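Chain IDs A, B, C, D, E and F follow the sequence of writing; residue 1 opens each chain.
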Amino acid sequence: MTTQDITRPAAELVEGIRQMGAATASSTLFHMGIRNAHICGPTAWTKGKAVAGPALTLQFMPKREDLYGEDEYAEPERQLHRHVLYHTRPGDIVVVDARGDMRSGVFGEMMLTYFKGKGGAGVVIDGCIRDYVHVQHLDLGLWLRGVTPNFHTQTDIMPFAVNVPIACGGVLVMPGDIIVADDDGAAVVPVALAGKVIEQAHVRHEWEDFAREKLSEGGDLRRYYPLTEAARPEYEAWLKRQATSATS
Amino acid sequence: MTTQDITRPAAELVEGIRQMGAATASSTLFHMGIRNAHICGPTAWTKGKAVAGPALTLQFMPKREDLYGEDEYAEPERQLHRHVLYHTRPGDIVVVDARGDMRSGVFGEMMLTYFKGKGGAGVVIDGCIRDYVHVQHLDLGLWLRGVTPNFHTQTDIMPFAVNVPIACGGVLVMPGDIIVADDDGAAVVPVALAGKVIEQAHVRHEWEDFAREKLSEGGDLRRYYPLTEAARPEYEAWLKRQATSATS
Amino acid sequence: MTTQDITRPAAELVEGIRQMGAATASSTLFHMGIRNAHICGPTAWTKGKAVAGPALTLQFMPKREDLYGEDEYAEPERQLHRHVLYHTRPGDIVVVDARGDMRSGVFGEMMLTYFKGKGGAGVVIDGCIRDYVHVQHLDLGLWLRGVTPNFHTQTDIMPFAVNVPIACGGVLVMPGDIIVADDDGAAVVPVALAGKVIEQAHVRHEWEDFAREKLSEGGDLRRYYPLTEAARPEYEAWLKRQATSATS
Amino acid sequence: MTTQDITRPAAELVEGIRQMGAATASSTLFHMGIRNAHICGPTAWTKGKAVAGPALTLQFMPKREDLYGEDEYAEPERQLHRHVLYHTRPGDIVVVDARGDMRSGVFGEMMLTYFKGKGGAGVVIDGCIRDYVHVQHLDLGLWLRGVTPNFHTQTDIMPFAVNVPIACGGVLVMPGDIIVADDDGAAVVPVALAGKVIEQAHVRHEWEDFAREKLSEGGDLRRYYPLTEAARPEYEAWLKRQATSATS
Amino acid sequence: MTTQDITRPAAELVEGIRQMGAATASSTLFHMGIRNAHICGPTAWTKGKAVAGPALTLQFMPKREDLYGEDEYAEPERQLHRHVLYHTRPGDIVVVDARGDMRSGVFGEMMLTYFKGKGGAGVVIDGCIRDYVHVQHLDLGLWLRGVTPNFHTQTDIMPFAVNVPIACGGVLVMPGDIIVADDDGAAVVPVALAGKVIEQAHVRHEWEDFAREKLSEGGDLRRYYPLTEAARPEYEAWLKRQATSATS
Amino acid sequence: MTTQDITRPAAELVEGIRQMGAATASSTLFHMGIRNAHICGPTAWTKGKAVAGPALTLQFMPKREDLYGEDEYAEPERQLHRHVLYHTRPGDIVVVDARGDMRSGVFGEMMLTYFKGKGGAGVVIDGCIRDYVHVQHLDLGLWLRGVTPNFHTQTDIMPFAVNVPIACGGVLVMPGDIIVADDDGAAVVPVALAGKVIEQAHVRHEWEDFAREKLSEGGDLRRYYPLTEAARPEYEAWLKRQATSATS
């Protein structure tokens, strides 16, 4: 059995998206016409982790016993959740449509150890993993609906296709799209738009650090965010002080 | 744009399944190892209709504005919900994974008039149609989650693929599988199992009409259903009377 | 296997509750301190039917294969959904906690034909039946969440106990409580309160027919409902006219 | 206690919207930038009814015993669900945010008899009514989530405000907006847009009747819907025949 | 644009409620007739934080494009989520009815930095925030349904009113009510009842520390909680030992 | 009032199950025919805790005011949530069907302090506790749906029975079954199968540590998991090195 690999985006695209984080990617995409980039459902189970990478995709379907039977248990090579991992290259992110199922653990410790060994960056699953007892220590980014002691085909779903378009958390993910995920959750950046997203997000306001400092001191929101003309001299004075203190 | 047609099962297979109805098909499949054949969610909106036929499938995905835009409104030929109907042959049933969406009307009056004109037997939609005001009079079988005034891509979903495997109501439907639907709901009969389903369902107990009559008169369930040896002479006497009255 | 029968309330209690209907029973109970008597979830599948009767109860539980196996399929006498029906006396109502399951048909045509043959009045199921194609013609009252082609133990639940306290539609039902059901839905009247419910509901306002007529003609709600002192002479004149026309 | 009345739109606006029905109103609004006009949740409980009219609104809130107590039961004039009805003028539609509650019957027979007596056209409730046993015969249009024997404040909600902006079925309804409802469900037409909606919807294709006839006879969807230039001569011939047969 | 400020309760009321915590406030209110004070849905995202303060309220509604358009993006002063923050005084708590939406981030880092700068104590949102990556370090109390990379009007909701009565987590919150929140969740104390709540909660049993110690050592629940007469001498001996050890 | 105690399994059974953890117990049971042992809904609120023990069970039912009234508040001995704790022996686990209710706190600090004092190992609740502020420090294992400031009978449920069969998280739990719970969640091991589960789980592959190491270094999944014949010499060499380094 062979499954298709994905086309990976240029490393600088991935890096550019990674640096902005999920929140900036999502709002930038909105201003480009994409209403919702948030993979809503899976949440951060590894607080503090922030990753970006191309999407390897795995699709589960409702189990049908005429199509998924004893063979799959006996012959590991027929199990598609293994195949999606075979494609792993450093920095990849596996995205799984597990149909929101809370009683199936898509991957366990051995699968994710292998994924980590191959350089995998994280998994985003509209469903669960198992062996979280051990998996939490693997230093992978995990965005999940939950965890379960059950394994992946124990109840109502079965792996069905690898590296095909999937719906995950109410969002369409194409194989090779860039996933960006952190404590805010995971978002998908359509690969064809990634360059423009980076470009547009760069038009970020250089006065934000100044504004943040002012607001944290009780400054007026109307004056400092967005920065008004009235506050600009104050900002420029601040900039100079910054420069001075940096060089001192 | 071209989409793939399906391979249709032999007419006698379809007819055999149609005659048994959804309940018998579902329980027979269970005894063959298929736990759940019920497309759960869509219900009968045309009470009394009973159909069976090969599945043409249509898959919706979460809408993504970079993939579904103004063009689709302007150029009807790019709309996949039209393409699935182009394949219609007499007796076909269109099955749609509309993701349970209650705010999108997958088909309206004109589409379903065309489908009926081509001999379509019914639609099973994990979602809604619109124009039900008029569609209810088209003499089609309709198994739906509901109806809506909205059209198909008005809110969050877009048609994505035709005649591919889909999940509908928690069940996997392969293009060309046999759908059987009546007031109990819709069920899927995997096409490769259809012959065996017909064969096994034939082993129906010929004494059921007798038992039903007895039970309706207050007869003992333990005695008549299933038929006991003790009741067999009574059944045989009944059989004779039936024969007599039929010939008289 | 033997299961326990219920203690049935006096016929006049049942009849008294039946005459008031579910809405009056529910609001009268509220004024006696019972906040919610509505079995919420099951709805009327036999419009126009109105019944009251003592509750035979059946409890389903999540299926566990060590407790429910092949035997149950082979030996009908081990199936508890049969046993609850064995207790049927004329006017009884079977209430089933089927856990809201939409993929299990608790009873089919043969079981319900037997129930009807024994004089059963209706069923209230927090779940589904199957064979609705035929069952709808049995002249039973049916309050259901839905219908399905699947049979009762096909997926995730199994019958577990007969004539025990159950939760149904968010309400506790004790075996022998009085169920009253009509197009508004089903409600439970605790048997110990039934007499008082009948007594209190009798304090119904004899001027309601007059008020209804006035309101339907565009009369002022403030004046006629509840009836004001100002409108009383008008009401009394109406009463006289009623008497006259009745005797004429 | 006094509550505010609404400003009603011109009769011809209401009539224009009524004639197009919910489906056309909804799709026309979409093309004007309103993604979703469908009040999703309440469905048609009076099949065949089609109404349009200005919205009187009633807002329920979670019950809080310090704000809603015994007084409301004793003094009908403090009950806001009565007050919204006091404003009824012929053709009005009452829209209620009952928070999707399935255990509270917002209105009963007497209230709705009064509403009908005043010329009310219909109610749209994100929740339930009670006394449906009788109310179904009142010849009102009813769009509901369901019915219940319970009355309006029996469990968790209380009426809170009349003729204020409300959310109903996931849509914002302003007092005085035009509601249009039929078997497809209910939709809201913002009153300021109603004129434009009528104008735009008029640009309906005069060839639709021809196309419908052709499709129902098995005609090619690509040729007849939308009408192609190639089919236009055929359409014109049909038009002539229509004219002839109409005058013959 | 101006929005209304709230009337703040006396500082000692707020402090009294803060000291008892959410659990004691909730159960005390129950014994005063308020069944449910728990804002159910939002949970503690800042474990260990415990706050109390007057409620500033913000109401979201389903987005309607005729009422919320490009202007709001262009002119920050039209954005109501900013206006609610303008009212912040030290110790205030912002409570938001975001309709349980999981795809809208009501506030981001800059807004919450400003809120913190003004002395805000915490936010309770029936919905999400964004920028949690940074916000978690602001030392604010956060009770949320979740987090998202999306901003507040990105999908289906829009801010609609400030300092009006709102429903939040199934509870009615009036502007100026006292919110008390800790790891058990958030509860609302109607401001008019706050004094009485403090008074009644004071009737706490002074023997609870003794009982807790006994129970933790395996003491009999029946004997020590509530304290029986039989255990009173033991308690008094304990009290003396406490006094001794305290002074030693 | 007396409630029944449970029969506890042999200590070595409990210990055997505890050592394998929830994931291994669940998958082993699957291979013995039990599809789903996962108590799905309650999750780990005490990360890192891992327990196993016999189930004491507590069943809640929808509250009915004629059966649960003022007495229960006045006379603690009538409260069944106390009674289930009276049976606590060291290592016991209390499992509660609280009907998924998010507004009722089944146990508070005093009850759980007593439970801990008696040696209780943990609680699994399809619902909530209160006083989590304090309870989190008791060093008990907690598997919960959530926490709330409300107490156990504040809104819609009441304790109904002790040490009876219950449904919890979609699974049937019999009193005395062995519960095993860790960060993956809680699972139920039917007591009659516990011995066999331990036996079968022992057939674990002794090469797993080797495989894990290889995978973590980027080794080929196909080669090392499951271990192929080709990799066996490598494994044996590894084993020798292990032995050597252990003795050095």
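Here, a contact is a pair of C-beta atoms (placed from the backbone, for glycine too) under 8 Å apart; a residue touches a chain by one contact, two chains touch by 3 or more.
A quick note: this is a predicted structure, and the numbers were derived from the prediction, not measured.
Any chain bridging subunit A and subunit B, meaning touching each of them, is missing here; the list is empty.
Under the contact definition, subunit C and subunit F share no contacting chain.
Hopping across touching chains, the smallest step count from subunit D to subunit F is 2. Using the mean of the Cα atoms as each chain's centre, the chain most removed from subunit A is C. Summarising the inter-chain layout, the chain whose CA centre lies farthest from the centre of subunit B is E.
At the interface between subunit A and subunit F, under half of the residue numbers involved are used by both copies, so each side presents largely different positions.
Between subunit E and subunit F the centroid-to-centroid distance comes to 31 Å (mean Cα coordinates, whole Å). For the pair subunit D and subunit E, the distance between mean C-alpha positions equals 38 Å.
Chain centres here are Cα averages; for subunit B and subunit E they lie 51 Å apart. Annotation for subunit B: residues touching 2 or more other chains are 35-36, 170. Applying the touch definition to all chain combinations yields A-B, A-E, A-F, B-C, B-D, C-D, C-F, D-E, E-F. The part of subunit B that touches subunit C in the complex is made up of residues 21-23, 25-27, 30, 35-38, 40-41, 43, 50, 170, 182-185, 187, 208, 211-212, 215-219, 221-222, 225-226. Interface of subunit A with subunit B (complex): residues 33-36, 61-67, 99, 156, 160, 165, 167, 170-172, 190, 192-193. Interface residues of subunit D, counted against subunit C in their complex, comprise 76-77, 82, 85-86, 102-103, 105, 108-111, 113-114, 116-119, 130-133, 136, 146-151, 154-155.
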